[in-house]
């Protein structure tokens, strides 16, 4: 097979299109690049949807955490503590167990035990907890002056939150949030590695890297390929989030704008 | 003849629930499970300072004026951090092991004429083996543990390097300028002014890193260490009566629940301790938290919520 | 006569390898009855007894090491142990990378186990352990494969209804089928050429010793006794 044919046969193998049988012998570099790249689609899917959905939930959680009302604050605190305090590896394990038992209760829950739904929910909850902590920190560090100014303009309640507090908090939180996004993408490699089984040999990038490492008995080719893809993915995330960051800071004088500095604030 | 701690454990099938559980939970296998908690804690205790050392080295390299050294430092930080830690763990330990043995081979067997790579095999002379094949099993285990510690330290060292690099730049420029005005040279002002002050700025990031390190330990089994996850899986899996005196269905749920509680408790403990350290370090520092302390109100930034504040301060 | 020959060969070898290193035997420890961790936390099972006996016959000092199935071959190649004795089927794929001894169990059947007798083995969902010959087989039957990292989880998946059936070595499924509601379904499948010990290709000498010891155990019937004792399928 030429590399082009490999590309046609396996580019979307991870989604179930193309050649059914994975390559069995004579593994070329091209095979490995194409299939691991194909698996990366899953990592992107998980990462992207969890980030987008998690963003909204995290905001709600962060606001709940700042609330003076205990019935709002306590559940938010508890949720954030459990999801930030335990390894994702173990969260996946429990979720899969829970989803399986739910499935026997009612067929409504059938979808949950498949990775594309179940694992997405776990990643969504996990990233929500981490992001909520970041947003909470940001809400707490809004300069007092900003809020006093808003009060002076007669703003209060929802209007003050939407127009003053929230935008400022996002601006403050964004560099840390960028890190969270990067590490969420890294965390997606755990999906098929712990808990969720791979169906019809459709898995993520790590699943295929594992497949090749197992077939060729040589870990030194597939895993560095995987690493290469993830470095690219990380660069894309930094670029996109950097773009959003400069949008958030567009009103500030140039020298006061924060650059997105990628710092390991939050991984799991 | 299985060694049993309690004398009544000789015939488990006949016991009532409480005694059965007592016997079950004190099998040799469970002892190994309990020991593995100690292994994890020991690994954390050794890895943390080592990673900090790697991080310090990486940060200094990244700041170096000698360009290739700076590239090396920055490359280390960027590459290791861009890759998911699992991917790294899956091939790095074998690479590290082969690297160590290759080095020993060069030193100990200089006149070896066969190739080291024969087909798929990696062969070094037998005295270069690490540890020697004749070494007792515990030496092999310690070596495996050491490799795991090194791998963890290299990965987390890159994260620490990034935190420290940021912290060194966060120390107000005026502090260093003052040091220079006092006639300190570059070396002196770095070690006597910059480094002592840097820790405060680095602490939120480092405490977060510690939390992350705790939560990376379930991946230890990838590095060939029989850790708590390995034993929880092994003990929890369903057991048929042929191969054990204590048959049971799939109990992995309960074992993982124990792990969950362990991790939550350890996280909580770490939060409390790190909070104290932060408060102590903020004392007398020219930061918001330090100022608040002087006025006798509020506490320093907590580990969880405070880090974003440093992050939010333009460096 | 063969064992006589072996005796003298072993003697000659001990003479030249008076200071021979410990031989490290790598196994998985999660595949009863072949190998598993017993209540005391030690490697136990058919292969434990077999390996100890082989070492005795080859006059070698042996040490047991457990390793994850996924990386069991890379770690052998890299020299972390000297042989794999872990219920590993002899296949052409593996022969390219490592060298096997003669099989110490006859080619053994793999079997499907399920919760009910009427499952569709060709169109249904079949669970198998990742990177096994069974997983390869399921892919080629056209059934939907679902892969789990450990043998335990494949069985758990059938129990939970995730998969319709599990394909695994019959010897592994036997005790499970006899003590739970699961049952064997469909025809047995013959996969692989029996189970053997795997060695690095450059380690022909050590392989020769074990090969000879296996032959001598076949000869005097002790191997059959072990097979019967641990119920690992057919005898020689």
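When the chains are written out, they are named A, B and C in that same order, and each has its own residue count from 1.
Note that contacts are C-beta pairs under 8 Å (C-beta built on N, C-alpha and C of every residue); 3 or more make two chains touch, one makes a residue touch a chain.
All of these numbers come straight from a predicted model, not from anything done at the bench.
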### Query
Measuring centre to centre, with centres taken as mean CA positions, what chain is farthest from chain C?
A
### Nearest-to-centre chain - CA centroid comparison
B
#### Entry: Higher-contact pair (C-beta pairs counted), B-C versus A-B
A-B
### Task
Report the inter-chain centroid distance for chain A and chain C in whole angstrom, where each centroid is the mean of the CA atoms.
40
## Note on the structure
Taking each chain's centre as the mean of its CA atoms, chain B sits from chain C at a distance in Å of 35
#### Entry: Centroid spacing, where centroids are CA-atom means, of chain A and chain B in whole angstrom
23
### Task
Give me the residues of chain A that touch two or more other chains.
193, 210, 213, 217-219
#### Entry: Sequence positions of chain C contacting 2 or more other chains
71, 74, 77, 97
### Query
Out of chain B, which residues touch more than one other chain, so two or more?
90, 94, 120
#### Entry: chain C - residues contacting chain A, complex
70-71, 73-74, 77, 93, 97, 127, 130-131, 136, 139-140, 144-149, 153, 157, 160-162
## Note on the structure
In the complex, chain C touches chain B at residues 21-24, 29-30, 32-33, 36-42, 44-45, 63, 65-68, 71, 74-75, 77-80, 82, 97-98, 150, 152, 155-156, 159, 175-176, 178-179, 200-203
### Message
Under the definition above, what is the set of chain B residues touching chain C in their complex?
### Response
2-3, 27-29, 31-32, 90, 94, 97-98, 101, 118-124, 126, 129, 132-135, 137, 140, 221-222, 224, 226, 233-234, 237-238, 240-247, 250
### Task
Can you check the complex and tell me which residues of chain A touch chain B?
81-82, 84-90, 93-94, 97, 133-134, 136-138, 140-141, 172-173, 175-176, 186-187, 189-190, 193, 206, 209-210, 213, 217-220, 223-224, 226-227, 230-231, 234-235, 256, 258, 261-268
### Complex interface listing, chain B residues touching chain A
78-79, 81-88, 90-91, 94-95, 120, 159, 162-163, 166, 205, 208-209, 211-212, 215-219, 229, 252-253, 256, 259-260, 263-264, 267-268, 304-309, 311-312, 314-315
